[in-house]
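The structure's right below; bear with me while I get my questions together.
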Amino acid sequence: MLKRLVTATVMTVATAVPALAQQITGAGDTGPVTLHYVSCCKATYFGPAIEAWSAAHPDIKIEQEVIPFAQLNDVIEARMRSKDDSFDMLIVDPPRTASQAARGFLTDLGPILGADLEKTTNPESLKAVTYGDKLYAVPVFNSTQILIYNPELLEKAGVAPPSIDPDKRITWQALTAEAKEIKEKLSLDYGIAFSQGHTFYQLQPIVMSAGGSIGLEGPNMLTPNVNGAAWKTAMAWYGGLYADGLAPRGVPFTQMDSIFLAGQTPFLATTSDRVRELQKQGKTFGVAAFPMWEGGTPYTPCDSFAIGVNPYSKHQAQAVEFLKWLATTEEGGLAAAAESPNVPANLLVMNKVSQAMQSASPNLDGLTELIEHEVSTTCVHRPASVGYIQFETEFLQANMDIINGTDAAARLDQAQSQLQTTLSRIR
Amino acid sequence: MTRFARLSRQIVFTLLGFLAALAFMLPVIWMFTSSLRPNAEIFAHFHPLSWHSIWPREWTLANISGLMGTGFGRSLLNSLIVTAITTVVGISMALLAGFALSVLTFPGQNLLFGFFVIGFSVPFDAVAVPLSATVRDLGLTNSYFGLSLAGLGNGFAIYLLRQFFAGIPKSLAEAARLDGASWLRVLWSVYLPISKGPVIAAGLTLFVFQWQAYLWPLLISTRPDMQVGPVALASLVSLAGTVDFSQMFAGALVLSIVPAGLMLWLQRYFVNSVARSGMTG
Amino acid sequence: MTDTPPAARRRARLGLGNDWAMGWLLCAPAILALLVLRVVPALIALVDSFRQASFFNPDEKIWVWFDNYVFLFTQSPTFLQSMKVTVTFVIVTVAVQTVAALLLALLFVQRGWAMSFWRTLVFIPITIPVAVSAVVWGTAMRGDGILNAALERLGIAAQPFLASPDQALWSVVLTASWIGVGYWMVFLIAGLKDIPEDVKEAAAMDGAGALRTFFSITLPLLRRPLAFVVVANTVANFLQFVPAAILTQGGPNYTTRFLMYEIYTQAYLQGDVSLANAQIVLVLIVMLAIVALQFRLLRSNT
């Protein structure tokens, strides 16, 4: 099985992806070109970078096509299977790199961009889009999570704010107790909210901090391990937050920010880019380090969107030119971060963006150091497995069921056997 | 039965008919009014229930005009084009087949009729996944022709027309044939002019089915500018989380008004054709 | 339905008879459509269901014969569940719709004012795209939605509807029933109107009460339209996809994992096209059996 897998992988990668250095398409073209970019989620993620690029490079225009995240996987799946050459670049969600690269959906960019990227890009971000020693995308954004609190509510309830110092981070157990106390004292609707609480992205560091496995293991990363004792403890604790009414059940996760803004919860676990959003709303808030499990190791989630090159594109050289600008120049890095203050993967601008957020509010000392520390020290990537998409789909369903009140231990056992059979079909 | 008894029966039945209609129309009315009120108002009046949950304080067309400015207008246009193709091609196909199967005599016609009705009655979605791979290989993804395939073959349309034609006295066709008219001529100038009802009924069926198509467009149109209305509506919902209800309701309204309006206008043809098709014994 | 031999002979004498080339020519577009849109993809699915495509290179397939089917029935964590969900859904929905459609049909053949207008309004939901109905009902059934607001007004506690494994399927049944009842009602009204007046009058003369007339006269005479509605409705609901795709993603706890959603997920999320094709073959067998039954019903009553 394993042998077959390895042969198949090597064969596909060898046949589907031409050695880019020699065969890059569009090299030597001088006429004006329009690059098509299949993007995701919001036009503003990449809009400012595309505008800045287009202003300086009239010969290489870029048009982006924005697809909702929920449909991104299906759309890319369908378009790549039909060997669609109508677009040149595609957005890459780093944990899906292995699955997409193994099937020839992405171009190996190592030979042509590898050396440049190593100088300016966060090595952790590069690792997340590397599969089998090949670099399949250019990391644009990175991310990390923080704990945001409402200082007024904390003060009213007489609770000291949690620390922003990563070495003094609060534990989930202590935080839950405080959240409960504040909720009861001030008769608030909730005690804590998770802005991506349905995703593996936000849950993985909690489970791993409790001692749980990464989820997919084994020499080929296709052996699920989601029903160990630590997984069950952590997920039961998480489901319990919703069962006790401490976290908002039945409210879409897209609305967690609004719940915090409305003063309905004192704590919000969320990504660091929300700092800028809250500043825009003129809200007073404090930032603390992402909590850890009592007696466990601290972990934080990381990685965010990267851009890959379509192996069937006719303008690979021009796409590479744009990506190089984005990832290796300060100008490109700042343009990418203009509307989307996720942690930049571009090291030339990473701390500048953090500092800009830090200095925009009076009480955010330590934010820059916190972000820098988390993305280099506690960052945990999602499993780099060709079966990640299947894994994520199953986790999402199991997690939603646990949030809605299903027994965590039983549901995780079910997920484990589900994943075992599903992943056994990958060959 | 006395006059009074008859009258009171009629009053009771009218009342029941009205209540049944109201029950079925409530979600439609809610959709209609919600799409004509400001977004903030929709959310604010979900809960608790009051008169204003269903009746806006403030009426506005902004949701609908705002929606047309986005890609949704394009999706709606795509839906119209695709549905028009399906209806015209589908009805032509059904007319030719229904005519041949009922007016002409040729070996294998009963077998053929059986194949059509059975084959086309198997819902298209059942073969959508394997067919989508073929359509992709042929390069027909993101094309109007590719999209229109979903509703083309409709067993009900062929059955309806075949049954209607079979009920027309053969002497009409025979007279025209003796005058030297070709078969197509017979269909065009003898059969078609007296078949308005079943043709409209078959066309309506084709229209409504294609307008609803969801799975097939999801599989074969991957570009936003080739998206059809129902899929665009669904992505509007997942895109917005649940925040922008006004856009969602406006989209729902626009997508419903086209087929519902047609049906309100033409429903008697549909009802009469069903009644005369011999389908119900 | 078939031409009686004497008529055919008469037409043959008139020189209009055996026109087989023209007959097949006029049927050619429909034959082509039948081949391209049903037969060929079904055969592709059949052949493919005996093979397994490599996940890494879908063009590389090996013959596994019945392995995919064996996997579905013995190992697949979701296939049998999706069968159970689909069959439960179809049985309940068809039962609810048929009874409701019959009651409405009985009502709308009565005399009253504007009865055909009320009837048309009941019919409207079928014309609304399923995606729209799903989105609107889904919004109404939110935790803080208008349906719960109405329940609370009536003094009933708020219900989780789509969020609960115990209620999700029934919530979809409710939505699907709302959509389809008016459509099936039209067929039953046509059936009721076909019952000869004199039969009803004879029953009335015998002094039979309304209920007895219904059970001993109307219902037996309505047997065929009812059978048609049940069978055609089963076909219509068997491949339900939209509510799962838009509202529930098959959850919670797989309680709304309809077969068509299972197939879609296998093919496009899990990337396991061979397994999806094996499921499609099974679906096609079931569909063909039901549709053939429907065709027999149609043939036997002209």
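For reference, chains read A, B and C in written order, and residue numbers begin at 1 within each chain.
The rule is simple: a residue touches a chain if its C-beta (ideal position, glycine included) is under 8 Å from a C-beta of that chain, and two chains touch if they have at least 3 such contacts.
All values reported here derive from a predicted model rather than from experimental measurement.
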item: Chain at maximum distance from subunit B, centres defined as averaged CA atoms; value: A
item: Top chain pair, ranked by how many C-beta pairs fall in contact; value: B-C
item: Between subunit B and subunit A, distance of the C-alpha-averaged centres to the nearest whole Å; value: 42
item: Subunit B and subunit C: spacing of chain centres that average the CA atoms, whole Å; value: 15
item: Chain centre separation (subunit A, subunit C; CA means) in Å; value: 42
item: Residues of subunit A touching at least two other chains; value: 74, 78, 81
item: Where subunit B touches two or more other chains, by residue; value: 133, 218-219, 242
item: Residue numbers of subunit C (touch at least two other chains); value: 142, 144, 268
item: Residue ranges of subunit C touching subunit A (in the complex, touch as defined); value: 52, 54-58, 60, 71, 75-78, 142-144, 160, 163-165, 249-254, 265, 268-272, 275
item: Residues of subunit C that touch subunit B when the two form their complex; value: 1-3, 7-8, 11-12, 14-27, 29-31, 33-34, 36-42, 44-45, 48, 104, 107-108, 110-133, 135-140, 142, 144-146, 148-150, 152-153, 178, 181-182, 186-191, 193-194, 221-225, 228, 235-236, 238-239, 241-242, 245-246, 260, 263-264, 267-268, 273, 276-277, 280, 283-284, 287-288, 291-292, 294-295, 298, 301-302
item: For the subunit A and subunit C complex, residues of the former touching the latter; value: 8-9, 11-12, 15-16, 73-74, 77-78, 81, 99, 102-104, 250-251, 386, 389-390, 393, 397, 400-401, 404, 406, 411, 414, 417-418, 421-422, 425-427
item: Subunit A-touching residues of subunit B, taken from the complex the two chains share; value: 132-133, 136-137, 141, 218-220, 222-224, 235, 238-243
item: Subunit B-touching residues of subunit A, taken from the complex the two chains share; value: 65-68, 70-71, 74-75, 78-79, 81-82, 84, 86, 252-255
